Amino acid sequence: MNRIVLWFHQLGSPPAFHRYATRWMPWYFGAALLLLGVGVWAALFRVPADYQQGDSYRILFIHVPCAWMSLFVYVTMAVQAAIAQVWRIKLCEILAMACAPIGAAFTVITLATGSIWGRPMWGTWWDWDPRLTSELVLLFLYIGVIALDASIEDRRRGARVAGFLAMIGLVNLPIIHYSVQWWNSLHQGSTISLMGKSKMDASMILPLAFTVAAMQLWFVGSLLSRARTMLLEREAGKAWARDMAVHETTRANA
Amino acid sequence: MTYLPYIVAAYAVFAVVLAWDGLSPWLKHRRLLRSIRQKAARAQGRANVAGAGSAGATE
Amino acid sequence: MSAPTLSRAAASMLARDLRLAWSRRGDTLQPLLFAVLVVAMFPLALGSERARLAMLAPGAIWVAALLASLQGLDALFRSDAEDGSLEQQLLAPVPLSLLLACRMFAHWLTGSLPLILIAPLLAQLLFLPDNLLAPLLLSLLVGTPLLVLLGSTVAALTVGLRRSGMLLPLLALPLYVPVLVFGAGSVMAAAQGQDWLGAVLLLAAGLTLALVLVPLAAAAAIRIALP
């Protein structure tokens, strides 16, 4: 227990975190790409076509992981913000703000792939499907956090204020989701939802597991990458940053 | 009905957005490193000049 | 001089805000005027055909109320932040959340209540069927305080910014979505002959929760946002 606590404390120091992130980043990205390669190959070439939706459902294998991630990243962001708020940990402030663009990216992918998937099924690019409508509101929540953080000059205060907004948004997420579902049942009755009635065949679960795992690893890698960059930006004037930057050149030139 | 263009489009969007997510912080980090190095070099240059100047003055 | 009792502090804060609103009558009534204009835009954009306007009336009036609520948000804390009263309120011996709750109540009294009072007029402009007027008024009565409460929290977060521009609506709208859905949706449900009270009760439940939690959240937000 003490070793873990010690490790956390040491990681909180900027140069230590920067070293840690730089070291582990490539491994997370590499593992993610590997699993992604396997999953996508299986999704495109191994899994049989769906009897109801034909080949278009292959989009599911990237749409569903990104949809789950878009929610997971938001929760992570809010939790980091809460930790930063309660325990005043500077690193958690940075981690929370680093989550926002990654979550927004996942949300954009979810919306785009959902729309593309829906086109052959609905006949239009958009159908106000309840899940996609909730995703759209989620995108606005992300953009709000990013915009609020960007509009405050003091970086620490910006992260705290935007983090508070993220926490408020988290409380609202289930409410928004439920309200959109109710709204859809009121106005449209039942439409063909994106997932359709076909149950997931056993052969479909494995590629999905690969792509989901790949996206989780990608998230960690991207989080480390963005966090270390944000950290370096804030500490650019410090001695450790200068030493590290110069050291990088000599190492490259050696 | 051929779904090929839709599948290609969806996977393409996926690839492009992920690529942006992966590359943009990395590129920004490299720019930051470069600017820190340049600032350090300038400060070093000024320190050298000042050192040489004051050393000359005390002679 | 001992600290004032909570009720006296609340009453004096409320009186102050109402007096301020009255002295700036023009500014206070602007959101109301904006709502009327928005409602007037709908027939101009969609044509004056009675049946079509009647179908859109509940949603249009709700959107107008929502936009008007957004309009007034920016001014909620701005003048107090600018002249330093907000800092004074922070340091007061009375809980900040109580003072903020009074401010939000005053804001609702001066901004949303007049809208609810002229809602029958707006309903006539858009040919709202008579049987839908009660659901509309009830949903607005329960929903507009929620809009004020949710919007105030967001406004509290942006209180340090000099010119928030479109930022405040961007931040507030996702939080407004459930209120709009249940508020306008309850009237639409009534139009379809379905049970509409359930949605209003949901809003009422949300309002009860928000009445307790939001002033606390807004007070925390102001402390975080002020430099």
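As written, the chain order gives the labels A, B and C, with residue 1 at the start of each chain.
Everything below uses one rule, namely that contacts are C-beta pairs under 8 Å (C-beta built on N, C-alpha and C of every residue); 3 or more make two chains touch, one makes a residue touch a chain.
This structure is a prediction, so every number in the text was calculated from the model and none was measured.
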Chain nearest the overall C-alpha centroid of the shown protein atoms: A
Furthest chain, CA centroid comparison against subunit B: C
Whole-Å gap separating subunit A and subunit B, where each centre is the average of the chain's CA atoms: 23
For subunit A paired with subunit C, centre-to-centre distance based on mean C-alpha positions, whole Å: 33
Centroid distance [mean C-alpha coordinates] between subunit C and subunit B, Å: 46
Residues of subunit C touching subunit A in the complex: 153-154, 157-158, 160-161, 164, 167, 170-171, 173-175, 177-178, 181-182, 185, 188-189, 192, 194, 199, 206, 217, 220-221, 224-225, 227
Residues on subunit A engaged by subunit B in the complex (per definition of touch): 29, 40, 44, 54-56, 58-59, 62-63, 66, 101-102, 105, 108-109, 112-113, 116-117, 119-120, 218, 221-222, 225-226, 228-229, 232-233, 236, 241-242, 245-246, 248-249
Parts of subunit B lying in touch with subunit A, wherever the complex brings them together: 1, 3-4, 6-7, 9-11, 13-14, 17-18, 20-22, 25-26, 28-29, 32-33, 35-37, 39-40
Residues on subunit A engaged by subunit C in the complex (per definition of touch): 85, 137, 140-141, 143-144, 147-148, 151-152, 154, 157, 160-161, 164-165, 168-169, 172, 175-176, 178-180, 182-183, 186-187
